[in-house]
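Questions regarding the structure given below will be posed in turn.
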């Protein structure tokens, strides 16, 4: 069955969501993944937005986390304070999985979504943290969506917006952060995970049609490819869910 | 101000009275929702300059204020705006060209800073941003901060908790309070004294209002106090915090106002085309902002047909089935 | 727990499951309003002992828990309860006789402590109580605190602000977070998953709930999720914070539940006569608490005629014209 | 015209409330004073309660600040956090006048509403601070209702619950408190104020039928009586307001 790379990425992410998870979502592909997960692996997962909407009934896909579509039939519509407290607080925070995106990521999963070049006089300015740094600081698990290009996987990010494993084992905790960090990086070529001991990124899966070597060519730093296996493509059922139930109007995919 | 009229004012008068060159402001809303756009456009129209603006993700409004040349200093968490502008376009240009000074925070930090301001304490603690450049890189130098009494001496401070490891937390980051000279918000309903009823998400509007010396409220509907007081628990801002009330139907346009109207994808798409080109953007300002007397004028340019399309469906609170490509 | 049933439980089961000897709890409400009395009486009935209780002004409920012998440690701001007991009677007796350990705070400090707990930070700053015995006199000694990991090492800490004189504030008092094992609240409406709609004042209930490891919600009415989700902005507590939901009509009785029923002045008057005399109070407990199977049993003792008298007037939300002498 | 001492006290307090004041109220006589002020000197004053109710329509007198009667037709029903922030915040806090009561007061206006005797093993335990210490810490002006008895005006309060002028001029500010403090103490015998320079209590007014000397006999410490004048009794109109409009069912007075 045919599928697009964006569909593949979405399904790879959806499979990471466990039943009962509270899913911190942005918009776009990350939201589609969270919505899909509810039909696949995690019927009791709860989508929530940094703007304060919890468990919204997403009849239409919101284009922003402040879109009125996230307000419809939610369990509660609060504000930013309540939303982030839900993640900072260990009682609910420990149940949250985040989904983030970035312009750059290094081997420890540190993210840059602020600027390329000098912070004060950047070549390219991006939106900045928003809630990304908060999520990356607070929650025990998060996924990162990336485009696999050399400049996006640099040895050192130009600006460290959201903490991954910082400088390696123990450095999150030493800095004052909660335990946690990225659990998977999902790109248009494959999926990376982080070694439990070294906290360094390694290649876990490459998509059908690509190779570990091709993936390495698209990164500035080297990663271990010895554990890499081919990813399972989206099933017919998964694609059906994406295309018919989650994004029928192809707003995102 | 007479008791009959309460705090009701014309928008141009409210902006002229409270928003001055060089003042510190914040605006309500989030990306494409409930931005006080009528107020924003009036600030641009009055060519107010050198504003120090505090924003979390106040997308559309802040980007227009930057584009309109009103802002010289910006403390911000997120300069993005949905699909039409993943990075706000005039914001991006202004920073890349070095036209404004800026300092980055996280959304939670900005929300906490308003919360601290509303509470009347100098700071509040969080566990967000340890080890990041949010902590390490300051947009305003120590020197600038020392000299300007309206900017705190530190951007953020890492503190060892004096309660040992209470709550499994040995250190925290303290974020300094924000107390804007003026906050402008747009709400669904207000009475003439300024008591506000918001519907849907409130973002950080309540704390932004309570932290400010003066608050300008624009509202879709000016309603009788009696109506709001029938359910006081749903009025998020009591009148004691408010300086001016301005009824402005479609006052958040082109952003959304839950249960009243959706954001206008057509306007926002067109706007992002304009915004990417300096000349086009100047023409846009000339036509849509400077070329009209007030927000009503802008709405007339947009036209009734377009406004009808984004009218909220009473069931969902947004324009169900709206073409948003 | 089945999806059909959600988190709905019987009250005795909910209390037995979550409230244990020696645990740390807080209850919602304020003086004579919306105390979770059904839950309180069930705790007494189950003879749970050695509770560490956190209270701001949780009058009626805390006084009964003290009188019922359930509490050994109490952190409190206000042990008073309207006209019938300007100082809560069993609370007063217990302290004067040295029967419980206690520590005094202010109402704002207790509210902030729950707020910090809900936010997941170890402390929050305030400018209240400098120079007073609230700061100087600690109910729990340094030694007790060091040994008990569930009590913070300091009662309050005075800190020089690291932001200089920002907000005209050179120092603050830090109050430590509270994270109760269990919070029990009574609300007007909840769905079976625990999403709550409170009417009228919310006191500190929301933060008390969000700060707690487990939350037991008793409610006047168990309603369909659909009803609550029609206006999500008025649901103060989403289900993710809640462990158990128990429908208990008149669950706040003899305290008031806005829009449902008033406090019962007759019961409270009579109670204060009982409470002033050890023997009478034991007889009261034997008859009204231990002598009945559950809250319904207590209500039957009180009688329909009396409950009818305190029914809320739909216009005002209380029993208009009720004899309250 | 006849009047009771409680009526006298109530009117003395009501006269202290200025138009536009936000009045932090307890219940009982302090609430009656605030309600009366709205008919006398301060039609635009705003009554608010620490429980979070602002500008309630008090058709009936509430017996507690959590009484459902304070919730009816308020501008807003919030919670404790919002209410105290309104006072701690200088923007609204500077407009607030508080009304408090206590078991003991010293010459600097420090209040005890916690315990008589040793704090840990008290002879008499009272309710404790509630919001009183918060109000006394935050607001620029507050009134205190007291019964004039020797033991209630001691040289030193047994427990300092709510700060007055602490140890005299400058000590509030040095301790970290906002400027402010009690502006009047209203008893069943007269009204005391505080000297601008020394911050010590002095007798400002004695009620008709008593004398400064009698008042001194009911205090453990001496106060300056040289500035004392006889208080103006409640006018016919003031009494009419109290009896007919504010407390017609004599719940308080």
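A, B, C and D label the chains in the order they appear, each numbered from 1.
Please note the rule applied: a residue touches a chain if its C-beta (ideal position, glycine included) is under 8 Å from a C-beta of that chain, and two chains touch if they have at least 3 such contacts.
Everything numeric here is computed off the predicted structure, so don't read it as measured data.
When the interfaces C-D and B-D are ranked by how many C-beta pairs touch across them, C-D comes first. Remark: chain A and chain B have CA centroids separated by 28 Å (rounded to whole angstrom). Separating the CA-averaged centres of chain A and chain D is a span of 57 Å.
With centres taken as mean Cα positions, chain D sits 40 Å from chain B.
Residue positions of chain A with contacts to 2 or more other chains are 53, 71, 77-78, 81, 88, 90, 138. Multi-chain contact residues, meaning those touching two or more other chains, occur in chain C at positions 117, 120-121, 126-127, 167, 172, 179, 200-202, 233. Interchain contacts give a graph that is no line, ring or star and is not complete, per the touch definition above. Contacts between chains, counted with the stated touch criterion, involve the pairs A-B, A-C, B-C, B-D, C-D.
Those residues of chain B lying in contact with chain A across their complex are 29-34, 56-57, 59, 76-83, 86-88, 91-92, 95-96, 98, 104-109, 111-112, 115, 126-134, 136-137, 139, 158, 167-168, 170-173, 200-207, 256, 258-259, 262-263, 265, 312, 316-318, 320-321, 324-325.
Every residue of chain B that touches chain C in the complex is listed here, in rising order: 117, 120-127, 152-154, 157, 159, 161-164, 166-167, 169, 172, 174, 176-177, 179, 198-202, 233-234.
Residues of chain B touching chain D in their complex: 117-121, 179, 193, 195, 210-213, 225-226, 228-230, 232-233, 235-241. Put simply, chain D touches chain B in their complex at residues 22, 46, 53-55, 57, 71, 73-78, 81, 85-86, 88-93, 95, 138. Considering their complex, residues 27-28, 50-53, 59-60, 63-72, 77-81, 84, 88, 90, 114-115, 119-134, 137-138, 159-163, 166, 171-172, 175-178, 251 of chain A touch chain B.
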